[in-house]
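Per-chain residue numbering starts at 1, and chain names A, B, C and D are given in the order in which the chains are listed.
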Amino acid sequence: MAEMILREAVAKALREALEDERVFMMGEDIGAYGGAYAVTRGFLDEYGAERIMDTPISESVIVGAGVGSALAGLKPIVELMTINFSLVAIDQIVNHAAKLSYMSDGQFSVPLVIRTVTGGGGQLAATHSQSFENWYASVPGLKVAVPATPYDALGLFRTAMKDDNPILFAEHSLLYGLRGDVPDDWYEIPFGEADIKREGDDITIVAYSRMTHIALEAAAMLEAKGRYAEVVDLRTLRPWDKQTVLQSVRKTNRIVVVEETWRTGGFGGEIASTIQEEAFDDLDGPVARVGGIDVPAPYNGALEAATIPSAQRVIKAIADTYGI
Amino acid sequence: MAEMILREAVAKALREALEDERVFMMGEDIGAYGGAYAVTRGFLDEYGAERIMDTPISESVIVGAGVGSALAGLKPIVELMTINFSLVAIDQIVNHAAKLSYMSDGQFSVPLVIRTVTGGGGQLAATHSQSFENWYASVPGLKVAVPATPYDALGLFRTAMKDDNPILFAEHSLLYGLRGDVPDDWYEIPFGEADIKREGDDITIVAYSRMTHIALEAAAMLEAKGRYAEVVDLRTLRPWDKQTVLQSVRKTNRIVVVEETWRTGGFGGEIASTIQEEAFDDLDGPVARVGGIDVPAPYNGALEAATIPSAQRVIKAIADTYGI
Amino acid sequence: MESTLDKQQMTEFYKKMLLIRRFEEACGRLYMQGKVRGFLHLYIGEEAIAVGAISALQPDDYVIGHYRDHGHALAKGMDPKVAMAELCGKSTGSSGGKGGSMHLFDSARNFMGGHAIVGGQMPIAAGLALASKYKKEDRVTICFFGDGAVNQGEFHETLNLASVWKLPILFLLENNLYGMGTHVDRSRAGGRHIYETASAYDIPGVQIDGMDVLGVNECVSEAVKSIRKGKGPHFVEAMCYRYRGHSMADPTMYRERNEAEELGIKDPIDSLKNFMVQFNVASEEEFIEIDSAVGAQISDAVQFAEDSPAPEMDAMYTNVYA
Amino acid sequence: MESTLDKQQMTEFYKKMLLIRRFEEACGRLYMQGKVRGFLHLYIGEEAIAVGAISALQPDDYVIGHYRDHGHALAKGMDPKVAMAELCGKSTGSSGGKGGSMHLFDSARNFMGGHAIVGGQMPIAAGLALASKYKKEDRVTICFFGDGAVNQGEFHETLNLASVWKLPILFLLENNLYGMGTHVDRSRAGGRHIYETASAYDIPGVQIDGMDVLGVNECVSEAVKSIRKGKGPHFVEAMCYRYRGHSMADPTMYRERNEAEELGIKDPIDSLKNFMVQFNVASEEEFIEIDSAVGAQISDAVQFAEDSPAPEMDAMYTNVYA
């Protein structure tokens, strides 16, 4: 059992992947610069420029070249420096990567992993602090992973590398320094399998990516009040693990969904409405949602912090909805 | 009171808008070709090439040039041939048009109307049959209109032209031929005001764009069963009219949300979860959702039809959820 | 029209061009009968480009293009039966009726589609070429695209990447003067000499007569040879003319009915035939035979498509994921 | 270094360049103290471009650029106090602390931002120029961008549209040889002569020494004159060097510490000073005065920023919509 930070877990996953000759990496400044978030530092020397390819600032062709080389039998890992910049490549992701298996009726598949960095909290302001995982999670043909711990990042990435479909793998910028245990023995984490990060009987808190830690914080605060929250980390959004959430809520009869992206139109709406559809009679009250405030991210630190869900806001939502 | 088809209502709205010299139009084949959906046929001769500008096939710069000319005090109307192609311009819409008022703290505004064509049903297959209004409706700084009738299209467009914010105006390709009454006297329809297209006490059917007509069809079928559905057409998704939907559901105690885009991650989740949050105790059962099947659009007509919500599927969802 | 080609090759070119022409004419008829639906873009008038260029390739080589794809698919060897069945939305179609006219694919023949987002195939083409280079294969990729696609950002990003990475790819621009109803002179800086743009990416570019199948074949053969030698991307602008409207829905109000004559456009199929007859490469009789053979092939394809069963409703759910 | 400029103009250039230099140095210090947060991209070494180019404009003219925007904002006349307050996230900042370093705006001075998506400002710049043309004003727009932005699709789409529509815009490329850690030779076909790309769009392009403020001013003045005459877009590639890392977070492991010397880079501010002294345009004493005046201006700006109140929490909700 080794302890490492999430950045190291991802780097470990990438090195494992690169043992397969069909795997190569493409992206902006992943080589000579070492990666905007230093995930691939040293990779260029280790694997050479044929396999660690620095690209021009051309996201569409970065993703498209990934799609093409995947069609041709390779297993590319492309990096989009942040999910904000994925918008200039989203046509290649949604109209091409996600469609080719279906439109060719299975003649082709697109085994492509798109790594990107998501989330706010770094005072990077409105254009650089967004989370669009929910959009990608609405697209048939794509899969979306949103790990919250080093353990999950490694296990999910191993699975991603064995999958023949286009996958968006979103790493939260504020989690790269997060420490966690990672077994020495091989393990994998299937997509669509949520993880109960903490057990409890009083309320279910559903979260993903960095919000999992906000949920755990809230759970700790609840415990002080003598209430026990069950924290369910979805780990992947497409597919997402409905059953585990349903099981939990059937036990707790209370549920709040927490996510970082704008509350309006977020994936929380999908989860909340699905839960009330399938567990209506188990609920003591409505499914509550806590999401990002519906404004562009402000630069000022205090203002930005106020736009992102906090443990306090989770506690308040629970109190307002269930009176506990 | 004149009768006209939706195409004519939009053309009328555009001609009214063009009376203002600050208004001009840009888009692919809106001039010499007359518009891919013939909405602007004749405009080039009427208004000249300075105001009806055919563009290269360069969606990013089409939208961006709209943003820039709006910043400079004009009131551009840009056309994206279909919402599928908006994906190559989405960065300009989301990271620029929607952000500049906030990031400049009100020094600038972006009075830009982006017209586009949405929806499936034309056997155009996976890349050409999508509806992304829900994505745009999740973005602070944008407004989104989704008219279902000639009357609404004209009234909403008049409002859009008076608004100083970037607006996505999504016209459904299958509705251009739809006939409807349009008053000769001036009227406007504010954004965020839903329209009760049919009154009823037994169940509320919430819909927008073309699905409003599927909802009305379902309501007619229900009437045959002696049940009376209230059909609420949202008309705009951002802002969307929560109050009208809540009022209706407090009366009917039953509700189903119908939309054309993929059910998973659609705007229906936002509506459904909001309603159960605010009217939980008024509900006889969970808020039901009927959406597009979670697959890319197939070309074959029978297959495609099966992916799009039908009155039958709405009836079934109501029966399954409420037993009526 | 000079050429070192022998009779057999010329006859092949003629057969393939005629096959495409008749195929497209049949599509038009089926569309009128409501048996082909959605958007239908015919390749009529441009046959010399697909046939001349793709004939210069090996079966291993990749071909990718846009939605006006029937000609490229057939030239790469796709069975007309399977293509026609796809256009009719039948289970026997290349995509089981799920892709349609704009989205033909043939993995067995390395025909990589059939892409309907203008410019969208270009980044993918770079990826195909990148894979060949990465695997040290000597495959070449030909990426077909139109004059309208030149103005998409992806054109630019792809040419730059292909040049910087010296990818084994041929960019084949079909300049038929129009993107829908917009003439290149109104959409592109220097609309009639787009090939010069290639030099901005340090890519050798030439402009050729896209209505001359022998000329296209010669030029592309040269380019492909150079690409296989590892010289990196080449760019060919084939000037041509789209006889029909952009799609079946296009009334072509934006151009004069007699524009083709004005421009002195010569039909690529007639031209080759006249050349072959004039130089006694083949006799009228032989052409009559070919014509009827091709005609039979097309009616078989139509018959096959019409007789084929529609897909099962469950097909809706298959292959969303691999 | 030849020039017909008089003492007053040269002194102005010197003052402005020094103001930017000292401003940036102060930003660096405040960042180290945690008072400026987020991404901070310094313009140190590139001052001659913003100052030389923007000095050729009228107040009405538009300037738009990317996230490395302090220099452009100050050169266009933005108050250093207001700019520094913005960087410190204060209510007195140009955007009330909501935009930050990458998103400076000054509507009163027609400084249109401050855009942090690489290439994203270019289509908007075309729109500004389009508006001027539509309104028949004789305003010019200067669009600043980096060598890395050249590889974005939007660069291509924008240059083409500007050319086809003959828009009154100057594309000013700041080629500092690097996009983050990637050298132009690795990212761009013909990385050292990007200006030649302009000809692919029928846009006149030139390459100049971006470290020479007088040369920049002369060249841009000429281009702007031609643009005002209705000659359409011009393209200027200013070769320069980014002294610091891409941002404060960049350890610059990808280049040699002494690269600047190797390249014989001359500091733009020192060069002008030496020139003015050598030709007796100004005396050492005068420079000492200027330096202390600028120093005072900057410490006032820092003081102002530090003393200014943080925004009210409600500011979070304002101006999402107009």
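Structure notes:
Methods note: contacts are C-beta pairs under 8 Å (C-beta built on N, C-alpha and C of every residue); 3 or more make two chains touch, one makes a residue touch a chain.
All of these numbers come straight from a predicted model, not from anything done at the bench.
Within the contact network of the assembly, the step distance from chain C to chain D comes to 1.
Using mean Cα coordinates as chain centres, the one most removed from chain A is C. Centroids of chain A and chain C (each the mean of its C-alpha atoms) stand 41 Å apart.
Centre-to-centre separation of chain B and chain C, using mean CA positions: 37 Å. Per-chain CA centroids place chain A at a distance of 30 Å from chain B.
The residues of chain C that reach two or more other chains are 95, 98-99, 103, 115, 117, 151-154, 157, 160, 164, 186-188, 315, 320, listed in rising order. Residues of chain B in contact with at least two other chains: 55-56, 58, 60, 84, 88, 91, 95, 102-103, 125-127, 140-141, 294-296, 298.
Taken as a graph of touching chains, this assembly is complete, with every chain in contact with every other. By the touch criterion given at the top, residues 24, 50, 53, 55-56, 58, 60-61, 63-74, 76, 91-92, 95-96, 100-111, 140-141, 143, 164-165 of chain A touch chain C in their complex.
The part of chain B that touches chain A in the complex is made up of residues 60, 84, 87-88, 90-91, 94-95, 98-99, 102-103, 125-127, 134-135, 137-141, 238, 261-262, 264-274, 276-278, 280, 283, 285-289, 294-296, 298, 321.
The residues of chain B lying in touch with chain C in their complex are 28-29, 32-34, 36, 54-58, 60, 84-85, 88, 122-128, 293-296, 298-303, 306-307.
Listed in rising order, the residues of chain C touching chain D in the complex are 151-157, 159-160, 163-164, 186-190, 196-197, 199-203.
Looking at the complex, you find that chain D touches chain B at residues 62, 94-96, 98-99, 103, 105-107, 112-115, 117, 120, 122-132, 134-135, 153-154, 157-158, 160-161, 164-165, 315, 318-322.
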